[in-house]
Structures are given as C-alpha cells and as structure tokens.
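Naming follows writing order (A, B, C and D), and every chain is counted from residue 1.
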Amino acid sequence: MQPLENDATVLMRGHQITRRWGGLVALNQVSIDLKAGSLHAVIGTNGAGKSTLINILSGEFPPSEGRVELLGQDVTQWPQDQRARAGLGRSYQRNNIYPPFSVYENCRLAAQANDQKPWLWWRPAESAVQSRAKAEEVMARCGLTEWQDWPAGLLSHGQKRQLEIAMCLATEPQVLLLDEPLAGMGAEETERMLTLLTQLKKDHAILLVEHDMDAVFRIADRVTVMVNGQVIASDVPEAIRQNPAVQTAYLGEGEHAVNAS
Amino acid sequence: MDKFRRTALALGASLLAAGALMAPMSAAHAQATAPTNAKLKVGLMLPYTGTFASLGNAIENGFRLYVTEQGGKLSGREVEFVKVDDESDPSKATDNVNKLVKRDNVDVLVGTVHSGVAMAMAKVAKETNTLLIVPNAGADAVTGAMCAPNIFRSSFSNWQPGYAMGEVLAKKGVKRVATITWKYAAGDEAVRGFKEAFEKGGGTVVKELNLPFPNVEFQALLTDIAATKPDAVFTFFAGGGAVKFVKDYAAAGLKKSIPLYGSGFLTDGTLDAQGDAAEGLFTTLHYADSLSVPKDKSFRLNYAKTFKLQPDVYAVQGYDAAQILAIGLKATNGDVSKKAEFAAAVEAAKIDSPRGAFTLSKAHNPVQDIYLRQVEAKENKMVGIATKALNDPARGCKM
Amino acid sequence: MPTPSSKLFVIAAFLLLAVFPTFASAYGLDFVTKIMVYALFALSLELLVGSVGLVCFGQAAFFGLGAYATVWFSPESDAASIAWLLPACVALAAAAALVMGALSLRTSGVYFIMVTLAFAQMAYYVVHDTPLGGGSDGIYLLFKPVFKPWLDLDKPNALYGFTWACLVGVFIVLALLNRSRFGRALAGIRVNAQRMRATGFSTYPYQLAAFTLSGAIAGLAGFLFAVKDGYVNPEMLSWHLSGAVLIMVILGGIGQLRGALIGAFVFALLQEFFKSESIFGNMAKHWHLGLGLTIMLSVMLLPRGLVGVPEQIKNRLKGKAHAAP
Amino acid sequence: MDASTFLIQCLNAVQYGLLLFLIASGLTLIFGIMGVINLAHGSFYMLGAYMAYALAPLVANTFGGGFFATLLVGVGLAVLLGYVLEWAFFSFLYHREHLQQVLMTYGLILVFEEVRSLLVGDDVHSVEIPAGLSGSLPLGEMMTYPVYRLFISGACLLLALGMYWVFKYTRLGMMIRAGSTNREMVQSLGIDIQFLNRVVFAAGLAIAVFAGMLAAPVSSVYPGMGDTVLIICFVVVVIGGIGSIRGALMAALLIGVVDTFGKVLLPQAAGVLVYVLMALILLWKPSGLFKAG
C-alpha cells in the first residue's frame, strides 16, 4: 500500500479505481484529486463511467480495485452513510428527494443527519434548533425559501435540482460530489446555480459531473475528460480545450472542433 | 369557517361517531331472575363455519330433535336457543362464551367440537359457575384436570376409543403395531389410550409416527410403515384428513398386507367420500350403524323424517346432551341454579341413548360400551362390543 | 402531521372509552377490553407499516410469545406482581423481535414479508408441537397478576382500566415518537432509504430499533390478552392472526396512528354486526360473506382507508383541485 | 432406511414437489409475473376441487363427458370467471400500493368460502379417479404406486414446460414479462396493458382451478382446503425467485424433498423444516434462487 501523500489541500482522492461488472470494465485505473477551494469538473460522453465514479467515491458500491481517501483517511471500505457523516455530500443525477415531505422538511431531515440523537424520542424534531437553522440557510442559498411549504414532489424539475443541492449542503459537507446539477435547468436557474457553485468553491472541494460545456469551462479550475471508463486527459480548462486527444475522442471531427481552436 | 366553529364541529362529529360505535355494547341487560316458568335459554356454541361446520350442524340437529320430541319444553320451561359460531378458533373462544354467559345470560352452555375451544369454555364455565354440557370435544382434561360439578360431557374422552381398540388388538394376538396421527392433543391422547391397553395385553407399539397438523401429505410415512412391516396400524384422523388417509393407505397397497385399525372418527361421516377404500376397516366408537338398540331405531326414524338425512355419532351426542339437561332439570324442576341437585340427579341417572343406555362417571364423562365396527357397504356395521361400560380414568380430576 | 381535527377525534374516542364502563353491560366491558387489546396490537403493526414502511406478516409471533410468557413466568401457586411480570413478558417479545428483525431486515419488499412469516410459523410450531409450549390445546393462566394494594387484574373493571391506560400510553408514546427526530428519520427511510444513507443515516439500526419496539408493544398486547382470557393457545401465533391485524391496519388506513384504532374497532364491530342473529336470522351462519363484501367495497371506495373518509368527503364537497405551482 | 425405501421416498419427494408446483403455478402468474399479492389463490384451488366434484354429474348427463370433459368445462368457466374478476376487482388496483391488493384478496377469501358453503354445503367429498388411470404399479414388495399420481406428475411437467415456453419464446410471453417490469413503457408502446392484465389474471385463475380439478381425486374435497395450501404456495414462488417459472419448479422440488425426508428423519421438527429452509434461502439470497424468466 503506497504511503498516503499528505498534501493537506487534497480533501478527497480516488487512486487507481477500477470497477468491473462481470466482463464489462466500467472504470479502468481512474485516479482523481479534489483539492479544497477548487472545482474539478469531469466531462465525457454518456457511458464514460462518470456516474460510476461518483457512486464509488460516495460509497454507493465498492471499487473492484483501487483506493478512496477522504480527508486523509482510507475510506474504501466505509459504507455510504459513514462517509457522509465524515463530510462527504453528494447529489444525484435523477431526482432523489422526499416527494411527500415539504421542501423545508426535506432540508431539515438532511440537516438532521449531523444531529441525529434518536434517543430523544419525546422531543419533537422541530426542537432541534441547529437542523432548523441549517435548513433555513440552505433554502435561502438555493432560492427555495418561498416554496418551503410546498410538497417537494410538486416542484418543477429545475426547482427539484436546486432542492437536491440544498439537501446536499444541509449536511455541511467539506467535499461535494455533484452529478449533472444543471441538467434540465432554465437559463436563469443555471446562472443562479453557477454563482452558487463559484461561492461554494471557496470553502469546499467540488467534483462536478456535467455536460454543459460553456458552464464547465467558465467555472472549473481543473477538467478531467473520461472516455470508456478511462481518463484521457486531466488539466486546466484552457489546456483541455487545446488538447488534440480530447478533440478527436470527445468533440469529434465535426464543426465543434473547428470553432474550438 | 373560523377556528372555533371548526374545532367544535370536529369535537361533536368525533364524539357522535365514537358513540355510534359503542352503542350496541352498552345495552345493559336486566339481570333476569329465573322463575321456574320463564324461558330456558340454551346457548349453542358450535362451529358453523370452517372444517367442522357439518359436525356443528349435526350436533344442533340432534339437540333440537330431543327438544321437539318433548314438545319444545323441558320440565315446563319453553326452550329458546341462542347460537354463536365458535369458528373452531381458540383465541376467540373466551369472548364467544362471555357473549352467551354475560350478554345473553344463558341458563346452560352447549359446545363444542374443537378441544382447544372446549378448554376455554370449561375455564369460563368453572369461573362463572355456568352449567356446561360438552357434546363432542374429547380432550381428556375436560373431565380430568378441569372436571367440575357443573361440567358434563355427552360424547367421549379421546382415551376411550383408543383404549378399546388396544384391548381388541391385544385379544386378537396382534404383537407389533405402528401408530400414526397428527401431532395434536386429540391424536396424542387417542394413541396414549391405545398404547396403555395394547401393551397391558402383551403387544408392543413398534413405531409412533406423527405429522404436523393440518398437513395431509401421508406418502412419506406410508412408505415408512411399509419399511417397518408392523402386524397392524392404529390411526386417529377425522374429517378431510381421514378421507385422504384412508384413500392414500389403500392406494399405497398397504390395505391388503397391513390391516388398518382406527378410532371411529376415521370412518364416521366420511364413508361415501372414502368409497371402497374404507371397505372392511375395523374401528371402535361408542356408536355404530345397525345397532339392535330400540331407542336407536326410533331416533334414526325421527331424525331422518325431520332433517331428511341419516344421523351420525355427532347427532347422537347432541341428542344425549339434551337428555342430560332434561334429567337434571326434572330433578330441580327447572331451576338450573341448584347445581348440586342437578349433578346428583344426572350422576344417578341411566341415560337412554340411541348408542345404548349409559351412565355418567364421577367426573361426568360417559361410562359406555365401545363397539367394534366394520365398514360394510358404506356403513359402520356393529360386529361386537370391544369394551363393556368403559370408564375414563379421569386423571387429575379432584372433585 | 396530525391535523387538529384528528387530534380531537382521538381525544374524544379515548374520553368516550374512559366513561364507557359507567354504562356498559358486563359483556360490553369484556368485548371493548378485547377490542382495545387488538387496537394496541394494531398500533404495534402501524408503527412498522405506517411509519417505517415495513410490512411484517408475523406480528402474531410477538403477540403470542407475550401471552405465553405471561403463563410461563407466572408462579403456579399464586398471583404474580405486574411490576415484574409485565416487563418480563414485554422483554421476551422484544428480544424475539430483535433476533427476528436482525435477520429479516437483510431482505426487503415481498421477501421481507415472507421471511417474517417464516419465523412466525417457526414460533407457532415450537409452541404447538413441543412440551415447552404445552401442546395444541394450550395452557391455563391459574392466577391473574396483581399490583398489590390497588390493582387486581382478575376484576374486569380493573383490567379494562389497565388496558385503557396501556392503549392511551402507547398511543401517546408513538405520537411523540413519530414527530421526534427518530420518527422523522423512520419516515425518511420509508420514503427514500437511499437518500437517507447518502445524507448520513445508517438505516439498518433505525429499522431494527423500530422493529424491536413494535415487537415489544405486540408483546404487551399479548400479555393483556392472556390476562383477559386466562388461557393461551397456539392459534394466538398463527398466520391467521398476523393476517387479521394487518387487515385492521389497512382497513383503518395506513400512515395514521388513529387508523389502527379505527381499523381494530370497525373490524370487530363489523363481525358482530354480520354475526347477529337478530339482524340476519339464519344467514348469520354465513357472516363471512357480508364481511368479505364489505371489505372489498372498502378497497374500492376508500383508497386511503377509513381514516381518509373525512378528507374524501371534504374534497368532493369543495371540488378542490390541487393547484400545482 | 434401506436402499429400496430410500428410492421410494425419493419418488414421493419428487411427486409431492411436482404436485406443489402444479398447485402454486397459478400463483407464479398472478403474484410472480403480475406482482399482485393474491391471498385468494387457495380459494381458486379450492374452487377447482369443488368444480371437479360438482360439475362431474352435470357434464355426465348433459353430454356424457367423463373426467377430462369436466376438466375442460371447468377450465373454460375459470377463464370466464378470471376475466370478470380482474375487470371488477383488480383492474384499478395496479396503481395502488400492494397492501390494497392484500385487503381485496382477503375479502375474496371470505366470499369464496361462504359461496362454497351456500352452494355445495360443508360436507367432505371425493372425486372418482378417471377409469383408465385408476390402476397402480407394484413398488417394492409391500407397496403399490397409483398410476394417477404419475399422471399428475406428468401433467405438471407438461404444464411447467408449456408455461416456460410461452413466457420465454412467444410474443405474448415477452409482452407479459415486459408489462410486469415496466407497465408505463409497455403502454406507451401501444400494447393494450388492460387487456394483457386480464388475460394473465384469467390464465392464472384457470391454472389454479385446473390444478384443483386435477388434484381433487388425490386431495379429496373438504371445507377450508384452500387455506392449507395458501402459505406453501407463496413459499414456493418466493423461494424460487418472484417471476421465475424455473425457480418455482426448483423450489417446489426442494420443498418436496425437505418435507418428505423431514417427516421421516426429523419428525419432531417436521413442522418447522420448510420455514427454516425458506428463511435460510432468503437470508442467503435475498431475492430468491433464480432471477425472473
């Protein structure tokens, strides 16, 4: 086992992660670092293994090979909830919220993860001031305050994506794994989300999986390109834009390649 | 709608709704003092649904037949029936009995078939000192550990038919017998009675087979019987289980090589379903077809006339339950509350039953002849008396 | 969250039950005691099905074990004290639930239903077939427990009051629990267990705790039933009883505590109604038919069970359409 | 247990396993494929047995048909009944939670039990084994084996192969399997899912009735017989893996072996063995032995 590099700013690292489903290799020797105060975007065509990577980093299922480190600890064998409590938050590509509960309750329940105290069975959940305050805060940050009493299931798709982020923030994570948060959002909502992400960047390490190229190149500090489960390039945005391998493999020969140069 | 009116409305509505639910229970019944000419309330707690439904009907028919023969009155008191379906479910038994004893204030309780339910009835009868006549359930404990001055039985104890067949096989010189039954009280008690008599007569029970109740897959155990090659097989099954066992036993070809013996319930009320698979089977029971008892002839005639079907042992037991009640009432001229005189009269009486006259033991279980019967042309023909006036040992009865 | 009018309904119901003995007949007292015991039993299942979303088809195992424990632990010669007998029976049922839950919770959905059924059938046959259980004809409770100076459960009024107190107590505990952090977490697990894990809740211990608590409450109901009848029988662990209590909870309406109460009362009263000779004469023998048809009608007309009736009526009156944002 | 007895017990185990599959086969359709928790399956089986008993004389004197003619009439009636039942009581239940189906089918059990008691009464009956199959073959020196039980085993194997073939290789089978996994998708493809559900439900009920009629001569006909098979049928479907015909057959055979040898070798524990088996399997493979299909 290689000694852990103790570069303090790397809050989360995936090291030589491989994942096989029977014969199919979904991820092949993928390594990735998430530094504090920086947003690391991962782009790639559908089926490139982006979601699999997020699922392995978040602990949804273990890697076939390789190691996952979080805040300097080897968390490869840790279950998902343990990683979440250690400061890892994730949002889902498909909406994964509590539809019957109100928007406020969705956020409050997420915030309660850090203040569980199940033995206080006679005290109402409302009395947990800490989770209530946190819920109010994240709703405000994500612009959901006026919808707080609506059942989450009745929100528009864009609003649900914002709620997904809000719930992720409610657990006060240090590392954020965001799976296509901008998918299906209107222009105005996308702008709001990008400003939010740039603010969050300051005090979190963010992994952003996204298809929206313009957004990625505007806010990413580092971009990793994946094709067929492998990393073909990982650099600052400008370098990636020039990188011939990325253009041929990812942007294809077509007109996109022309105006990119 | 402002807040105050809404809460008031809600409170009113819910009180109304909850009240409606309680209404049927609250009718406080006047405690009827029982002057001797008031109606005699008889509480019939029998299975009217489920596997024992036909037995419940037969017992009720038998009981009603005797009452109609007396002109609908017993020692001057008109008989009124209150029926409750016990569903052969012991967990509901206590409440069903309470319904009859506390709500309907019945003078006498008659029931039931399932021995688990009968045990619960016996406990309530003892606690409330209500007269109870058991027309079928053979659990030994009813006239054993649970015996009481106000509890009578007009049927049998599981021990009796088993014991009688044990004597028959011992006398016949049969040496090695295998037994098979469900793993439940009635089966265990019948096999225990059989073993007691058979081993006293020199025989040995080589194998005691049993299977979980109500499993009816007998093939595995029939093969086991064939492997042990006993001289004979003794069994206890009733209802659907009896039909299937007898047919499977014949289909497995064992009927020719290993004779099958059983307590009477193997072939009572099931003969037309069993067809010729039951032909020639020997069973022991306190009743049979073609008895030479005069009372039996008149009983069968009246029964067939009133109910358009042939009576069986359950109808006889229902009929005799009514006789026991009549004897007790005559001695106390209609006052059931005189428990001691009631019991004394019945203990001294000789009950003129279609099965043949019998008396009640100290523990109030019939001391009766157990007939040896053989199946012939879909009838349990009486071929002899297995044991004369067999008295149940009433183990554990302190009366 | 319970609405004000639902709280009032429950308070009114409990008040009515409290005053009922004053004008009840002896049989009425016994009958309502039985229904209250079944309501308590239904509450234990409502905690599982309604709050956590776990459908247990073996709840009668804990009910029966609680009842049998009452007889096993009671001395032959004299009355036991409630102070230690009741906790002992509840503890035994809770222990059984802990073991059964620890194993069953590895499965989910219909497989969970069948595993709980399997364990309950095992408990049934242990009690039915082994000498420990006292065999198929059941065993007697010779002396009913007492609490020296004030309480002798042999007296119907005392038992009625004690049962009422248990029912109200457990209802309040569950109501508090449902709105506590523990309760909200259970609700979250019911709606979306994956999301709960992603935010940091370890779902297995929560489910196991709820399963054990539910077993304990069922054990308490079993204790009361054994004391009421003074007789226990293997049928108290049979799958028929597990099915019946599930029917009560569904009929009453899942997701509301008072649904279990309403379900237990309506299920018992419906049976009484269809069995009564005075109304149906000799058709009373076929009471299953009426009950079965009523249940099928309730599925067709009441999608959210009896609890949902007021709201259904309100919606129809106002024709309120849900205005989506 | 000497060699010949062991072989006979194996035959008993296989025969009981096949009989179990026959009885549970209707449930593999309605519960396994359609996902409806059908507590009334035992009642459908009982309905079949009572039909075999009640229809036999009617068929005999209308057009002189024997056992197999009664079988055909019975299955035909069952398809009609299944069609009507699905339309009346189940067509609106698919979008509601599972427990509503539990409540509906619980009501059905009660109604079937009482209708049977009203129409045919509460006595125990039996059904004649068809003339050609009533013989029996010698088995070891003491026993004989009824030919009819072998016929039932054969019929069961044919049924298993038929169901497996229909579901694996025909368009109808493919549509049904697709419908059970994703109802909305199938609907959007233009397949009339309403009709499909009705066909599968009717087939499920018909197969359960067919099993009841075929097994009646062996099982005899008595009140509450549906109740005794209900739980074991669910055990078969669940152990096999819900939705898997192959799994149900394997599970039935496995239960046949455990039940048969359990009674002989471990009589005191015979009652719990099948449930211990199910608990072990589900804890080892939490979604049954085989995947769907």
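Here is the rule we use: contacts are C-beta pairs under 8 Å (C-beta built on N, C-alpha and C of every residue); 3 or more make two chains touch, one makes a residue touch a chain.
Because the structure is a prediction, the values reported are computed rather than measured.
Student: Nearest chain to the global Cα centroid?
Tutor: The most central chain here turns out to be C.
Student: Approximately how many whole Å separate the CA-defined centres of subunit B and subunit D?
Tutor: Going by mean C-alpha positions, subunit B sits 35 Å from subunit D.
Student: Distance from the CA centroid of subunit A to that of subunit C, rounded to the nearest Å?
Tutor: One centre to the other, that is 44 Å.
Student: When the centre of a chain is set as the mean of its C-alpha atoms, what distance in Å lies between subunit A and subunit B?
Tutor: About 73 Å, centre to centre.
Student: For subunit C and subunit D, what's the span in angstrom between their mean Cα positions?
Tutor: 32
Student: Among the residues of subunit D, which ones contact at least 2 other chains?
Tutor: Counting only residues that touch two or more other chains, subunit D contributes 113-114, 117, 271.
Student: Where in subunit C do residues touch two or more of the other chains?
Tutor: Only 125, 128-129, 286, 288 qualify.
Student: So which chains end up touching which?
Tutor: A-C, B-C, B-D, C-D
Student: Sort out for me which residues of subunit D touch subunit C in the complex.
Tutor: 37, 39, 89, 92-93, 96-100, 102-104, 106-111, 113-115, 117-118, 231, 234-235, 238, 242, 268, 271-272, 275-276, 278-279, 282-283, 286-288
Student: Which stretch or stretches of subunit C touch subunit A in the complex?
Tutor: Within the complex, subunit C contacts subunit A at residues 173, 176-177, 179-185, 187-188, 191-192, 194-203, 206, 209, 322, 324-325.
Student: What residues on subunit C touch subunit D, complex-wise?
Tutor: Of all residues in subunit C, those touching subunit D are 49, 55, 103, 106-108, 110-111, 114-115, 117-119, 121-122, 125-126, 128-130, 239, 243, 246-247, 250-251, 254, 286, 288-289, 291-296, 298-300, 303.
Student: For the complex, which residues does subunit D have touching subunit B?
Tutor: 1-2, 5, 8-9, 12-13, 15-16, 113-114, 117, 121-126, 128, 136, 138-140, 142-146, 149, 218-225, 228, 259-261, 263-264, 267, 270-271
Student: State the interface residues of subunit A toward subunit C in the complex, per the touch definition above.
Tutor: Contacts found on subunit A: 58, 79-82, 84-85, 89-90, 92, 96-101, 105, 108-110, 112-126, 128, 147, 150, 154-156, 159, 167, 170-171.
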